[in-house]
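Just below is one structure, and these are the notes that go with it.
Every chain is named by a letter (A, B, C, D and E) in the order it is written, and numbering of its residues begins at 1.
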Amino acid sequence: MARKRRKRWHPPGTPPGTLSSHPEADKAPVRIALFRYDADNFEERALPPDEIASLSVPESGVLWLDISGLSDPGVVRAVGEQFHFHPLGLEDVLNVPQRSKVERFEGHLLIVLREVRHPEPPEQVSLFLGDRLVVSFQERPGDSFDPVRERLRQAKGQIRAQGADFLAYALCDAVIDAFFPTLEKLGDAVEELEEKVIASPSPERFHEIRRAKQRLLEVRRAVWPARDAMNELLREESPLIRPETRPYLRDCYDHTVQLMDMVETFREFAAGLVDEYMSSVSNRMNEIMKVLTVMATIFIPLTFIAGVYGMNFDTKASPYNMPELGWRYGYPAVLLVMAAAAGGMLAYFHRKKWF
Amino acid sequence: MARKRRKRWHPPGTPPGTLSSHPEADKAPVRIALFRYDADNFEERALPPDEIASLSVPESGVLWLDISGLSDPGVVRAVGEQFHFHPLGLEDVLNVPQRSKVERFEGHLLIVLREVRHPEPPEQVSLFLGDRLVVSFQERPGDSFDPVRERLRQAKGQIRAQGADFLAYALCDAVIDAFFPTLEKLGDAVEELEEKVIASPSPERFHEIRRAKQRLLEVRRAVWPARDAMNELLREESPLIRPETRPYLRDCYDHTVQLMDMVETFREFAAGLVDEYMSSVSNRMNEIMKVLTVMATIFIPLTFIAGVYGMNFDTKASPYNMPELGWRYGYPAVLLVMAAAAGGMLAYFHRKKWF
Amino acid sequence: MARKRRKRWHPPGTPPGTLSSHPEADKAPVRIALFRYDADNFEERALPPDEIASLSVPESGVLWLDISGLSDPGVVRAVGEQFHFHPLGLEDVLNVPQRSKVERFEGHLLIVLREVRHPEPPEQVSLFLGDRLVVSFQERPGDSFDPVRERLRQAKGQIRAQGADFLAYALCDAVIDAFFPTLEKLGDAVEELEEKVIASPSPERFHEIRRAKQRLLEVRRAVWPARDAMNELLREESPLIRPETRPYLRDCYDHTVQLMDMVETFREFAAGLVDEYMSSVSNRMNEIMKVLTVMATIFIPLTFIAGVYGMNFDTKASPYNMPELGWRYGYPAVLLVMAAAAGGMLAYFHRKKWF
Amino acid sequence: MARKRRKRWHPPGTPPGTLSSHPEADKAPVRIALFRYDADNFEERALPPDEIASLSVPESGVLWLDISGLSDPGVVRAVGEQFHFHPLGLEDVLNVPQRSKVERFEGHLLIVLREVRHPEPPEQVSLFLGDRLVVSFQERPGDSFDPVRERLRQAKGQIRAQGADFLAYALCDAVIDAFFPTLEKLGDAVEELEEKVIASPSPERFHEIRRAKQRLLEVRRAVWPARDAMNELLREESPLIRPETRPYLRDCYDHTVQLMDMVETFREFAAGLVDEYMSSVSNRMNEIMKVLTVMATIFIPLTFIAGVYGMNFDTKASPYNMPELGWRYGYPAVLLVMAAAAGGMLAYFHRKKWF
Amino acid sequence: MARKRRKRWHPPGTPPGTLSSHPEADKAPVRIALFRYDADNFEERALPPDEIASLSVPESGVLWLDISGLSDPGVVRAVGEQFHFHPLGLEDVLNVPQRSKVERFEGHLLIVLREVRHPEPPEQVSLFLGDRLVVSFQERPGDSFDPVRERLRQAKGQIRAQGADFLAYALCDAVIDAFFPTLEKLGDAVEELEEKVIASPSPERFHEIRRAKQRLLEVRRAVWPARDAMNELLREESPLIRPETRPYLRDCYDHTVQLMDMVETFREFAAGLVDEYMSSVSNRMNEIMKVLTVMATIFIPLTFIAGVYGMNFDTKASPYNMPELGWRYGYPAVLLVMAAAAGGMLAYFHRKKWF
């Protein structure tokens, strides 16, 4: 929870299919781009919202409405009415954040994906796939669709020769591929943490490990349902998805599996870091205790001996009272005894491999 | 177990279908509201219990008996007899708390859900769905059905144009949506705990973490079976649920999945707090030990030196006996040696980065 | 393993279907009660073992042989021969303890359940369900079947009007319902432990927590397979189980699910207690270390100062030798310095919130 | 890994179906016993290896080749050729250790089981089941098959009246039942460890717990695939397994489930012992720290007081210099102060319940 | 992450089926070996890349293109065009590392496996299996295929008499069998660590344990999907895989299961080592604390006594002032008291079994 959770905002009991903007939603203005293409023709232009009502699905080729910004529920409603999208699907578009999923409605599919690109806040991408029709919604005018737009413009690859399902695949693929650089960065950060933890296991390090684990968890929570959604899409029996597109969806599904693999590897690594941290901390404690024990154990007996010869028994009152004090070599002898005691202690600790 | 668990009360061996009130049940009086509506007509009135026996299912439209309070088993029995509900279903209504579930009986379905709205105690909501008939039971006159009642009165949304299954969906949806604010509050509480734990890892904090984990577990135990119940309802092949209602049930199911996602996120966060707490505690221990070790290690040797020159060897008895005591710069020299020893120690600790 | 595990006793290689009594089995004498009833008639009497061979299944109604005590394998063999039960089924009756299970044989089913009623040792209940026939075996003359016998005698509920499958259900239900009071008691014990752990985290407490966890595990190991067995019974396609009995079996299955829920809740609570204990222990350690550190850190420097002015440098031999000793306010000054040092330390610890 | 792991020995790239002896294999000589029987006849004799080539499956009854010792691959090859066993199956016989499994080949099944009987090393048992034919391979002439041989000789039970599938069942059952005494011994050992751990939590105890856990894991790794194998055998649709044998296989499968149950119970117990050990260790640490803290806290202030009155301020130089030294009751007063301080400390510790 | 992770390199949005070399890929030059054989004939030769376009699948027997080195995407493209492989399949060949998997395309299968042979870096092996055709790609000219080549040359085993599916099996088997020596080495390393940990639980040891765990995890992550791939291949219903090859694939699958078993055993062992390490560390701490406590507890009271008799109360000023100092046996008596106190302490510690 490094960043503020966004709250659901529809109060309990709101009628289903209610379309309104999330109060915490990005205030990015709505922009609509229209793409109409087939193998031979290509048209791209900005679409004013009031032209939505006069749009129609082309007889051949593909119509793509590329909409960014969710601040105007009216646009979503207009699109929904024009193409007969289910009100619950439209509600999911506006009521961010949703889990990644595929919804089957009559005559169209809704694909919801969650895009996570650190350090930007996560964003929801919603795609309606109809016959010869794709309508995509993004929260902000993002750049993950840019390569797809470019491929369309330049007729790069086979994208213009394929149908709406291939376009939907290409958009999903772009969203999912955008996870890779984010994850790589997280992985690098976790690996750098290892050296820091070994060098100085301070509580700040522990906190950083936890933050990294939380960020990995966030990615995991986004990738896991995306994998399920891709798998569902892959097995979808709707005629909207042609057999020749399936290998591409399978490829996209494979990417989500690879992402899960990476996330799990990093998570295991981070969990190992916690152990490393704990072990470092108890090792430091051992070091501290050793220093204390060595110092105390060496000097406490010596101080005792010094204390004994600091007693004030009256040597004149009785020959038994500390006669050592009057001996010729009393003082050097005591010093020798002290040195011997200290040396013995040191030898003992050395044998115990305490230093 | 922040609050008292409610015990099952039917003693082992009670015949199945026995209808009696839970001795620990809310003593809230039974109130029955009757709603009868179709797309064009709407009737709402309070129903005295003795009129139950003369009720009948309308030929068109929907009859909703909205009953709150379980203190009178007679009402439950009367309703059951009038509409031929299965005795085991009726027993489940009275024998709270049940796990959330869907039960299939001949001609009707029973949907049991658990409502958790902190800080109120959890409550069981039971719905019988028959042909053109919904009978709902709540433990207390709660407010989670209020928006549905309001929508019915105001013919808001499509609710009056739809059938009994849509009403049942709307009631389930209201119960499930009521989890969201509760969960948000729990999540906020857990996040606030983090700062407290870092500031002062006292045992009280640990206790609070555990309480939060227990409350999250309680929500989880309520949501998990609710998810299963919604999934079952979604896949129910009974003619009581029309195809056009299924997308709505699917939406409701999606909400339970989102709830589980939130619960799990908060639980992971709380588990991380336990680690943070433990790490803070051992860090504090390290700090304490460092202070002790630094103080002891610096002063113990100095005290020893002072002790040596506090010995009473007779300097007159022999020139070997502590001649330093009579030196001109003996005292300053000893003070210097002491200062050097302390300085060396401090340098050693500084190099070890102990402070 | 608070109580002695019972060992399997058939040595490896024993031919299957060998019928002999467990050497550690209860020596309770065999008692056979015969119940024969239909909706209108009811007969109950003790049956001498030698009359088994002349028994026959009634043409209508139900015959229930209610046998307690496994000390005489001859009785089991005789029953098995009379009603053509499978030898492996008969072996399971005698070779206690078995896991709860349902076995399908030709013409009859065997239901094995494990009854756990603290503080009594667990007991195995085995039921053969045939056409118009139930034969039940208990290890000891227990009381969990008593309510069923009573309902039969008093024709309470619908039990006499129903078939053998309903009787089998009623017996299973009685065994499973007997888990509830046991579990409630365990739950109460675990909750009481919490207060004790917080008050004094002694090793005895830890031991008690572990004992409670083991007892919960024991219940879990009994309930888990019972749930599977009930589920299997519910899905059993044998004509021995009539459709109208299935809702009752489903109800019984629901009880096992509720039991699992309770067990898991208590187990989580007990696991939390272990954490609480561990946290209490390290908190106590911190407290102890703080006391030591505060005392040592305050007095060690003071003792050092006292030691310095206890040195015997000859003040007459040189003006540099401890001239403080002859100062007019030397002693009060030293006392003041000591007080200031101690006060500084206390302020430092106070700022660190050590007390 | 209390005992040496046996390594796989076929180097990577060896052609499949290569038959050669494991270099670390037991050098036990190959012994072949031939059993040929039906309900009425019985023949048992040792078979010289060169007679294998002239063997044939009897027209009625069962032929069992009971082979122990794997030191001669030629025998395995000869048997394989004579009865047309698949080369991969034969390789599995020699290439020990394999996981327990059931392999389906044309016209025959291969059942591989792992026998664990402490303190002997584990052994692989391989059974080929064909039509009227069983060929069993053991690594050493072991005794787990002895009861089956005896039952055959004495026509005890129904074994001679049944087919080859029943013999295969009886052999599997013998191998699986041999786990019970081994597990009981392990369970006893673990339970004895508990008392030792509580009495003295030395590192040796910890090591013993880990050894026990490893041994339990070894059993688990042997039982788990055996359970799967038995389940597969149970569901096997081959005509080689007759319907009347299935209840026996189900019984055998039940035994593997019981074994898993026992293993898990012991494993949980052992895991609890680790907690108990850790808790004992930190409790001991607490005890040690308490003793140190009590002693140090009581005597450090007293020593300080003594140190103060050991200072050599010149009482003659000023009336402010330690006038207490000349008081009439100075010494007794100081002793009293000391006693009071010590008593206060003791009272404080007593109130804290430190002893 | 002992070694550098290789990053995915296709930037997000790259069109599917883009063929280009990984910038971090091995720069090993491309080498193509052609094998063409049937039961009677055998041809092996190096193939210059420009001859790819003139290749054709033989009418009988098998064509194997054995390609090592991925530095030239042109070769991959040429092979793909010649044999009509799917562009996504070709992309997977170049875009290393992929997870192990089986991809179904029209008329051909793609098998991707990951080879892990310490200390070499992991390598990806890709196999296209068509009708009478196998094309294999390796990253480096490795030796795991050598035994297969040798078997082909020497017509060893049945490999030349079998089809392309058997060749594909043989190559998969070679890759999977290469895991065994690697895992054995890892297992030996982990077992050796145990002795080191018990002898001296230094932080370096802990680090080594973690490294071993990471390496085991790496193997696990390679074996797990390989197991799934083999299982999928086994269940593949394509006519490309003949029924007689299935037992061999099943054998290969069994090897992956055995590998998983070994990995899990070693992982459990390594996890046990962490516990052992932690237990050793806290045991050492206990030892250190015991030494400190014994020394301090014995000498602190003695030093106090010595301090008392070092006080300078004026014995002449009052008979109550330390008259002991003038007693005849004062000094010996004090020494005796000290010896008695020390002896009592030692006896106390001995009784507590501290040494």
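We take it that contacts are C-beta pairs under 8 Å (C-beta built on N, C-alpha and C of every residue); 3 or more make two chains touch, one makes a residue touch a chain.
Worth saying up front: this structure is predicted, and the values here are computed from it rather than measured.
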- Message: Counting hops between chains that touch, how far apart are subunit C and subunit E?
- Response: 2
- Mind listing the chains that sit against subunit A and also against subunit D? E
- Task: Could you give the separation in Å between the centres of subunit A and subunit B, each centre being the mean of its C-alpha atoms?
- Result: 25
- Task: Go ahead and note the Å separation of the Cα centroids belonging to subunit B and subunit D.
- Result: 40
- Message: If I count partner chains per residue in subunit E, which residues reach a count of at least 2?
- Response: 282, 285, 289, 292, 296, 300, 303, 307, 310-312, 322
- Query: Okay, in this complex, where on subunit E does subunit D touch?
  - Reply: 144, 146-148, 150-151, 156-159, 170, 173-174, 177-178, 180-181, 184, 187, 191, 198, 247-248, 250-251, 254, 257-258, 261, 265, 268-269, 272, 275-276, 279-280, 282-283, 285-286, 289-290, 292-293, 296-297, 300-301, 303-304, 307-308, 310-314, 317-318, 320-322, 352-354
- Query: Which of the residues in subunit D come into contact with subunit E in the complex?
  - Reply: 1, 5, 7-8, 10-18, 86, 88, 91, 98-99, 101, 103, 105, 200, 203, 206-207, 210, 213-214, 217, 221, 274, 277-278, 281-282, 284-285, 287-289, 291-292, 295-296, 299-300, 302-303, 306-307, 309-312, 315, 322, 324-332, 334
